[in-house]
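Before anything else, here's the structure in question.
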Amino acid sequence: MKVLDKGFVTLVDIMGDDRSAVRAARVSHGKDISTDEKDRKLINYLMEHGHLSPFEHITFTFHVKAPIFVVRQWFRHRIGMSPNEISRRYTSKNVNEFYIPDHIRIQDTKDKQSSNVYSDEQLREETLEIIEEVYKKSYEAYEKLINMGVAREMARIILPVGEYTEFYLTTNVRALMHFLDLRASSHAQWEIQQYAKALAQFFQKTCPWSYEAYLKHQYKGDILK
Amino acid sequence: MKVLDKGFVTLVDIMGDDRSAVRAARVSHGKDISTDEKDRKLINYLMEHGHLSPFEHITFTFHVKAPIFVVRQWFRHRIGMSPNEISRRYTSKNVNEFYIPDHIRIQDTKDKQSSNVYSDEQLREETLEIIEEVYKKSYEAYEKLINMGVAREMARIILPVGEYTEFYLTTNVRALMHFLDLRASSHAQWEIQQYAKALAQFFQKTCPWSYEAYLKHQYKGDILK
Amino acid sequence: MKVLDKGFVTLVDIMGDDRSAVRAARVSHGKDISTDEKDRKLINYLMEHGHLSPFEHITFTFHVKAPIFVVRQWFRHRIGMSPNEISRRYTSKNVNEFYIPDHIRIQDTKDKQSSNVYSDEQLREETLEIIEEVYKKSYEAYEKLINMGVAREMARIILPVGEYTEFYLTTNVRALMHFLDLRASSHAQWEIQQYAKALAQFFQKTCPWSYEAYLKHQYKGDILK
Amino acid sequence: MKVLDKGFVTLVDIMGDDRSAVRAARVSHGKDISTDEKDRKLINYLMEHGHLSPFEHITFTFHVKAPIFVVRQWFRHRIGMSPNEISRRYTSKNVNEFYIPDHIRIQDTKDKQSSNVYSDEQLREETLEIIEEVYKKSYEAYEKLINMGVAREMARIILPVGEYTEFYLTTNVRALMHFLDLRASSHAQWEIQQYAKALAQFFQKTCPWSYEAYLKHQYKGDILK
């Protein structure tokens, strides 16, 4: 699933589905049998009452490509998140891929945490020109340092946080919901919202009952509804 | 897989295998291609150098039945362990199942943390008689309280820690290895060692390369070799 | 602070107070200066918007004595909870202390997760008699097994979950709030509610602004207000 | 404590010392009394046998200033690490501070994960000139974008990972030891090694017995001895 201009989210592997949460919840009550209708009701009940531990039994592995500044926000989520990221100490692969925005946001002068989409085409062009110029210069300088024999781990200190990086991430539905609460939200930066939306789609496809119940009872954000 | 007199460990679900760790490790180095031989070597390298995060991408769900005192030791492992346990507040199901040892261990008088297997048949019989008598009396009293209308959550306070309980557990190979370090060890209580051995067998079957490399380079216990 | 008939919660050590959360939150905004009024407002803002990570910088160590069945519920909280508990493998100290309820709750026949306080004095006496009888028999049997030389780790399997145990717990305010959400709640078992209330008092005393803002904006339970 | 050219590590707050670990470990054994000699022995015993949970009762809060690329390595440590970092969405404070190395390392051509210190003065000067030029251009472009009204969260995408950032970190001795195992190691990048050494000094000063026992029995790195 394509995200931003050069990024993606791929679902690599999955364990479980709606019924895995049901099964784990039922053991608490010492019950086995279930029907579709009862399973769905139970999932609703769990979400409504905040019994979220059964959702730790559904796990995903994603392969993600995203700009460094997005990844830095992402990895603030520590609980139930197991990442392995490409290392710029070990490889120079694809080092010349940088995030180019397709729109420009201006600083909200009243609310310092907000930004607004920018409609002036001239300013958009000027901004992109500046950004692309810095990307170009940084990359050329990096290349030059590498060619001079400077260690990769040292040369990369000049690479901008708009550079794309890649990682594998294993997480579970409970951790994913917490991520969506904070990042599938208009308070989050627009770029990470796009990744959150992609994850939400995978969540919805694989666990439709849980996703529906989550949106209804638990979701604290505002862009998925 | 049967464990102790009435317990078990069942593998309910699994995500990934040896190659999941390889894949996650390779992203760090920006590499894709691999052969069986190289994958195996990489797993060895990771274990040897303590790069254990790639093993968080292999997850298991187990269904376990074990005595409460074993579960209490088990749940001291908090990292990467997602359990859902039967609740004695909600159900009286199977409340009359208790662990009966098949051997008796005597207290080591020098090392207070040790115990030794007991060979005197008379003492064994006496011990089992005492244990079974307490189990019987506790259970009868529990039944009586329930019949008198006392709340399950209150009646159960007299049930012994030898009572069997059940839980679903989702964990990953890294957390599993840490569990085996401490519990597949002669320092651990004999009963939890049996569960650790069962988990080790599932680990070996599903990730033979990782298991072999773990035993060679990382394993801190002494009973699996 | 005395809890239940023989238990307690003692505050052993503490790091930080309301201002520790403020300080950590301010670094995010690149600000230093603050007044009491602004600090208090900031704490309110953090709680209102669910920015809870600054509250991980306030840590407590508690010494707790509680029945095993309470501790089992308590330790289901894994995030930000570091416990060390007395081990019945290593010591027989105080093994004869058991929880005697001062009231009896009967099973709610409609809501199987609920119980109601019992007012019939005769039934109360009968119930306590049964409970105390099981405690007495179990303890005598334990003593006998120990005297016969049976290992402590084996003899203890007949001890009931109403037995008191002790532990040291280090936690932080964020984890504590999550604990209070679930355990300072009428849905939790009455006994653990008493421990939750004790923790809440320590929280209120040491971080009055955070506690007030927590109750106002975040608290999901119902018994602290 | 100054680290690198413009960074620092400051100890902001602390809870506990060597005796906190002792106290928590003793509860496991049901013991209270202790002498200095016995306490020290117990700490040695715990480290030798890998009983590390008692060291979770000693917590620190640090204030750290470090380049982004160091912080990215640092925050791969998720367990027992509670950070709050300055946000470039919210502030432009000190945005023009970048890491200038005082030595240059060249790529090891055999071991792709290694680098060697560079002794050729001419190449050093050329390298620093290139790095400083990129820093200068990036910062000027950032300033220009900000002056044009572009949102901070968008303008910062061109800032290099050599930029300094700040964070508050609360951690405990167990998590700190794990950090030192991997980062106070010649396998880690030289820059993060300097931060690891600073943390090690704070550890040594506040918990001299634990630090000594850690180096003797647990430490997996090679630069602290």
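Residue numbering begins at 1 within each chain, and the chains themselves are lettered A, B, C and D in the order written.
The rule is short, and it goes like this: a contact is a pair of C-beta atoms (placed from the backbone, for glycine too) under 8 Å apart; a residue touches a chain by one contact, two chains touch by 3 or more.
From a predicted model like this one, the values you see are computed outputs, not experimental measurements.
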Taking shared numbers over all numbers used, above half giving same and below half different, the chain B and chain C interface sides are same
When centres are defined as mean Cα positions, the distance from chain B to chain D in whole Å is 35
Taking each chain's centre as the mean of its CA atoms, chain B sits from chain C at a distance in Å of 26
Here the gap between chain A and chain B, centre to centre from mean Cα coordinates and rounded to Å, is 34
Touching two or more other chains in chain D are residues 53, 76, 83, 85, 90
Contact graph of the chains (line, ring, star, complete, other): complete
Chain B contacts chain D in the complex at 49-50, 53, 76, 79, 181-182, 187, 220
Per the touch rule, the chain C residues reaching chain D in their complex are 12-16, 20, 23-25, 27-31, 53-54, 56-57, 59, 61, 63, 82-87, 90-94, 166-168, 170, 172
The residues of chain D that touch chain A in their complex are 67-69, 72, 75-76, 78, 81, 83, 85, 88-90, 99, 101, 104-108, 112-113, 115-116, 118, 123, 126-127, 130-131, 133-135, 137-138, 141, 144-146, 148-154, 156-162, 189
